[in-house]
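Once you scroll down, you'll see the structures, which are given as structure tokens.
The following pair of complexes shares a single chain, chain A, combined with chain B in the former and chain C in the latter.
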Partner chain A sequence: MAVIRDPMPAFEFFQPTSVEDAQALLRRYGADAWVLAGGLDSLDWLKDRIKRPAALVDLGTIPGLKGIRDVDGGLEIGAMTTLTDLVRHPLVRERYSILLEAAEAAASPQIRNQGTIGGNVSQDTRCWYYRAGWPCYRAGGNICYADTPESINREHAILQADRCVAVNPSDTAPALIVLDAQMVIRTAGGTERVVPAEDYFVGPGIDITRMTILEPGDLLTAIRLPATWAGATFYFEKVRDRQVWDFALVSVASAIIMNGSGIERMRIAVNGVSARPLRLQAVETLVRGRAADEMTAVAAGNLAIDGAQPLTFNAYKVPLMRNLVKRAIRGVEPATWNS
Partner chain B sequence: MAGKYIGQNYIPPDHVAKVMGRARYAEDFRADGMLFTKLLLSPMPHARVRSIDTSAALAMPGVKAILTADDLPDLEGAERALTNEPRYAGEPILAVAAVDELTAAAAIELIRVDLEPLPFVTDSLESLRPGGPNARLEGNAWGAPPPGGQGPAAPAPLETIKWTAEDFAAAAPGQLPMGRPLEEWSYGDLDAGFASAALVLDETFVVQSTGHHPMETRSAMAYWQNGKLFIHASTQSVAQTRGSIARWVGIEPANVNLICEYTGGGFGSKGAGAVSSAIPAMLSRKANAPVMMRITREEESYIGRARTNMTGRAKIGFATDGRITALDLFIVQDTGAYGPLGDHRSAGLATSLTYQPPAMRWRAVNVITNTPPRSQQRSPGPMQANGIIEPVVTKAAKQLGLDQVQIRRMNSPEGRAEFGPVLPATGRRNRVTSAFVKDALDRGAALFNWDAKKARAGRRQGSKVRGVGVAVGPHGAGSIGFDSLMTIRPDGRLYVQSGVGNLGTHSVIDLARVAAEVLDMPWEKVEVTWGDTGKHLPWTCLSVGSQTTHAMTRANHAGAMDARRKLQDIAARDLGGRPDDYDVRGERVYQRSSPGRGLSFAQAAARAIALGGRYDGHELPEDINAMTRESATRLAGLGLMGVAKDTYPRVGATYSFVAGFAEVEVDVETGGVTLVDFLAVGDVGTIINPRSLLAQIKGGCCLGIAHALFQKSVVDPRYGISLGDRFHYSKPLSILDIPARMDAHALDMADPETPVGARGVGEPPVGAGYGAVMNAIADAVGEDVFRRSPVTADIILMSLEHGARMHEPLRAHV
Partner chain C sequence: MEFLTWGRNPWDQSILTHVSWDLLWAALFAGVAFLLAHGGYMLLSAHRKRHAAETDALEAARPDLPPRIVRHSLAARLFHWVMAAAMFTLLVTAFLPIAGVRFAWVTWHWMAGLVLTASILFHVIHATFWLDFWSIWVGPRDMPELKAEVMREFGHDVPGPRPGKYPLGNRLYHFTIVIAALAVVVTGLFMMVRVRTPFFTRNPYLFGDATWGLTYVLHGMGGVALVGLVMAHVYFAVRPEKWWITKSMILGWITRRHYLEHHDPDRWKVRGAGPAARL
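Right, the complex of A and B next:
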């Protein structure tokens, strides 16, 4: 039977006003239900007629899922808070400027007006074979089209590939890992489960069909940022082709708290190199007590890329990740051209 | 001929509708009982349709008709809207008309198409290998056009060509192999030129294919009334698209009424319309109801056309002072599944023109691949030539210790410069009508502060290094021989008929500025009629090849002069004296010696109607096109008619030039490039509409900048499927990628071979932007860092990391 990629097939559309109602709908429709946040990831799948849910459950009408609250010197961010609202919030700017930078690097102004923080961290991979509907491992098949000698895989993984070589596309994910964000999940059973951001994401070795730990019926309701890293020295950089509407080739996020001339503690994460954003704990351990200088940066960069296995077209990600890790530690000397 | 209107800014009459969202594009129209159609696209890059089972689809409620290639007229082997032998993945096989798109799409999913896979190839060099696959059953390349067929779109025979293993073995790694070419020309003494050179460089460069991706896809809506086809479609050229649609549908042009008041961009992909518009037209006839075809962005990426990609190898000899002594160019062009495209020919001619080598050879093969069809894309050929030649010139300047502007200036064309081979028809080489490239380079270098910027280029600050680059973009910029049609009516207003497409350039309206100037008619009393072949339009050039401003200002100069002479004739006839005693000014025709003695335009228009004959269009000139004759006949009797064919002489070929200057900042730790400053100066003749002209220069440069930095098309070679089928994969330039500082200027030096002095502008900026940015990157990080575009972070970083180019040297579509 022939394949056609447009238009979006019909489905039941629900706009519940509470998390309980949303989960009741998810229970009722089971595997035929689809959770809709900002829709930037979902609508591609739906318009392409690849994902065919019977019912969409829109979280946009649940008041409690939006907004940013000051909690004990930290912040609680509703999962349905738009990236634009996040970027504009004074307390985000004051305490967690790295999250502002990361959110502002996502997509385009229009997409940030619509896209949510919950959607940004929960979005599916953008591997162009998988997204085009090719029957790959991640789609339930038994081949990876991106990992053959002829595949075009410039955007794909260099670390922790397991059959699938797709990467996580989220810009905010590494920043949240660095901030030790806590992901607040309301499980299908109705209980609250809180997991650290770094544990929210799963690689293909754990589950090749999913990007996060969310089980069917689970909802990410909020993200809590503890005060632990508020006001640290942050570094965020996203390398991409275009300045807008482009996913990261590689991104890096770090927070450093200095003690005199030495690094007291640091958290660092990268994205765009693996199916999940990677916290680089070995680097964090290595730099403890060292100066945030070139020598430390070089050692950290080299350690970070240990074990990287590039594909045909993405070998550049190895030096790129190494250099970004270096920059996250020693910074970038600003250029001071006259004009 | 600057004056009251020419050279002055104005608000075109379509502006408010565009800004307020009231402009209606093809997709915005509706008709009673309108059906929608969806397309079934080939999943294979090359296949033959064995059978189609539509029974389940046709049984669905709401499905009204299915159109296949069997329903379409044969176009003698040329591309049709639907096919039984798909030659690229994504080629439409059939179309379903139904009450809505949901039904049509669901019906398509019930259709079983039995396809027999056929051999395919996505890379032109693979097809040239011994035993390599052919993209088409009949061959793998377009041969040389028959004698006389010099033009870019000249028809060519289909051939099969394979190079030998020795041909491939003779090329060093990364070098383009050069087997037998199918086309070739040369002039001058190539061997002597190379023998006398102080420096000879031999470099290979890969220019990528890029989708056109206009904002408006090629949607169309059609219905039939009384045997006549009414079609809302998107085109660059209204007057000439009527004939295209008639041919694709198999009816007479007089039975086509095309409506296209607004076109959401074309860039060459909708030159004479889109062949896909035959689908709603034929389906509407079959279903006996109006049919709307809305083309999605994904579909546009398959059927929406793309630039030909080229791999070129240039061997160039330089004297110690930088003067080019000889140039030997070999191009392997990928012309896609259809064609033939002639970009490779235009590239050869542009190379000869821009760099003025005293001896040159051009050789090429024009290979067919199973990739989406190509068409001319804004500066087809000259832009790709800039990719192939500019790195060699940049490298030579570095090795010879010369300034980048100086080496281009000394080799640039001047005045009526010669270019190309000796033409069989004249026994001489062709010449341009005029070239003021040296002025453009001098002006640009001064405005850009080139010397100061150059002084800091190549010096590191932290991880950042800057570089400056310059390039000259050339392009053909004007045709001749088209018609003008206008009337001065008894209401005292001037009505100008415009057959130009409203593709965003304003030439659709600008042509009337010339008429207003010649007749001294207040602009607010000029009405321009455009966008509907039912509204009596004259024979008009295609709005491709930057020809419109030149062609149609000439034509409308001729038409306005015709009206002016008729005003003088009527005045002399009624008021005495000779026509030449009368002047035309202030909405009157009056006796120069006695200005009180005259007629108002309104009076003259009424007199023209009373007199009839040639004055009001009842008698028409012999030399006008049949389409103009038909339109003029319908307008006859409405007023004093200006109607004429452009018969002004022209010696030489009309070309325009843009000099582009770029400064980039490269981060050597990430490979990222930031374009920090860009400036362009146009040598494009007399300025008609300054604001629009400078927007064209900037916009064209932006396309070239995108080609230099990130725009591409990607095809998986194993499956023959396009991967870059979305905007965010193909990466056209976004508004936020435009540099903080970007400026454009124009020399405003008149071309001597046209009465208005204006040449076209749309295309030459593309090569200027493309070449200048790539040269700036080379200046910053080294001229051997890349030999393909787009020059992305991965290419730069890997080259710097390894001290050598690491990118794929020859493979296309990556």
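Right, the complex of A and C next:
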């Protein structure tokens, strides 16, 4: 199927100034509506003519969806806050540096100027078979083109694949899971629903056509970061093909609170290995009370990859994920040069 | 409303992908409409039943029959209820996600499918070697019974044949559900080759796109048909005048009175005496 990158097909363009107006538009156009945040995921779909909405509802003109507020020692981040604003915010730097690192690892400075935190966590998978418009499971068809003997599936899932083997591309998602972020959703019916970040994402076993629990007409309005993990010892690492600008092959985020030399509690999540960012609760349980040393890290790394089922070309992700989990626990020594 | 969904494969060929899930709602609507229509008809119609005195006379004439007549063996009843459980699991796991109730359904679905397949295989062997295989089937020879049953439904007292072991409606239902169930079982077994299971090595290229499309469409059509068929089955099972049949699927027997009232002893011959006689 040819990919056409020329001017987009015509659509109605709306710039509502309130969430209520935005949702009224979504109700009016139903399945023909498209929600536009930063536009970085959307414009690919539209210019490739894979998605042909009748109406675009731009959330960029709703003032209430932007900005970062200090709430009870935590933060409330408007869903339309740009990644650049997030990275530059002093309270994010002071309390949740892991989110800063994750947001800064996303794409390029230009894209971070335009891309939003809400869009980053809600973006669609980058599986090129799916994005080519072919009738795969995720597009409502009956096959996964990425899971065949000769598929090019180097970037695809090693865990929790269920028919579809696409992965979640968000950089900030694992950091938000580690911080026990709460996703504030305004449902199509107008009520507010708050869900933990780890429950915001959905795998293909539950819903093969979506990456998040957002139903048609729902809007993610804010992300709340509780004070629980503020100031913990954080670790974030994203491994990608090109350091300057790329999606993660595998990323890891962790927060550890130490008690003397032992780990009092820890949260750890990975992305790029499954259709949803995975919180590794078995690892969290394993390391509780143990020293953050090599032995614990090895055990945790091995446990993390339990059940991994690599595809034809992505077996490298198994040791990569194992090593990232190890590094998240025992840390990384600074690189030294001996010449 | 569309009946089928189509896509374009990487070779830009138009291919079938599924039935339209609008058909699920159509099947539910048709099922409910049938229940209401039949329920209304049963309230208002003059369908002819045997008078109590008539059945009394039949009972008096056959003192040789035991009070309980075995209708379903333990094996047959076990098959029925295992199959029913598998069928409900299949329908729930297939259609609740389409209706918006999200859960990890695929593994439950194919496991229930395997249970259904095994129970059907058991049933075919059991019915072939231990039961009267043809007693449940319909054919041209049943036309006189059909005519008589229709006349009785309209209130006429006609002398035509009465059912053997299974009422005509029961046999017609069995015929229909065999077609629908075989369609979903055969296509479902092939579809298992596309998902990860411990039983098959995944092989998405077992068929070409067109054949896979047809396989998915047949599976969907069979599944949607089963929604309506199962609704009708449950409806008839709980109807008061059919309860004696449902009870026999639990306990295994019917009373001598029900046997004589509803069946033709020449077409369903009961042999032997004792507390419960067999066919």
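Assume the second predicted complex is superposed on the first by the 331 of 339 C-alpha atoms of A that agree within 3 Å, B and C clash if a C-alpha of one lies under 4 Å from a C-alpha of the other, contacts with A are read in each partner's own complex, and residues count from 1 in each chain.
Note that a residue touches a chain if its C-beta (ideal position, glycine included) is under 8 Å from a C-beta of that chain, and two chains touch if they have at least 3 such contacts.
Note that the structure is a prediction, hence the values are computed from the model and not measured.
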Chain B versus chain C, judged by how many residues of chain A each one touches: B
First, second, both or neither for A:205, with chain B first and chain C second: second
Partner chain in contact with A:327 - chain B first, chain C second, else both or neither: first
Touched partner set for A:145, first chain B, second chain C, both or neither: both
First (chain B), second (chain C), both or neither touched by A:135: second
Partner chain in contact with A:21 - chain B first, chain C second, else both or neither: neither
Contacts on chain A seen with chain B and repeated with chain C across the two complexes: 1, 132, 145, 148
Complex contacts: residues of chain A adjacent to chain C: 1, 132-135, 139-145, 147-149, 161-163, 202, 205-207, 309
List of chain A residues in touch with chain B within their complex: 1-7, 9-10, 49, 108, 128-129, 132, 145, 148, 150-152, 154, 237, 239, 241-247, 249, 313-317, 319-320, 323-324, 326-327, 332-337
Residues of chain C touching chain A in the complex: 5, 7-10, 12, 15, 17-18, 97, 102-106, 194-196, 202, 204-205, 212-213, 216
Partner chain A, residues of chain B touching it in the complex: 38-41, 43, 101-102, 105-106, 108-113, 296, 298-299, 456, 461-464, 466, 665, 669-672, 709-710, 714, 716-719, 721, 723-725, 727-729, 731, 733-737, 790, 792-795, 797-798, 801, 806, 808, 814
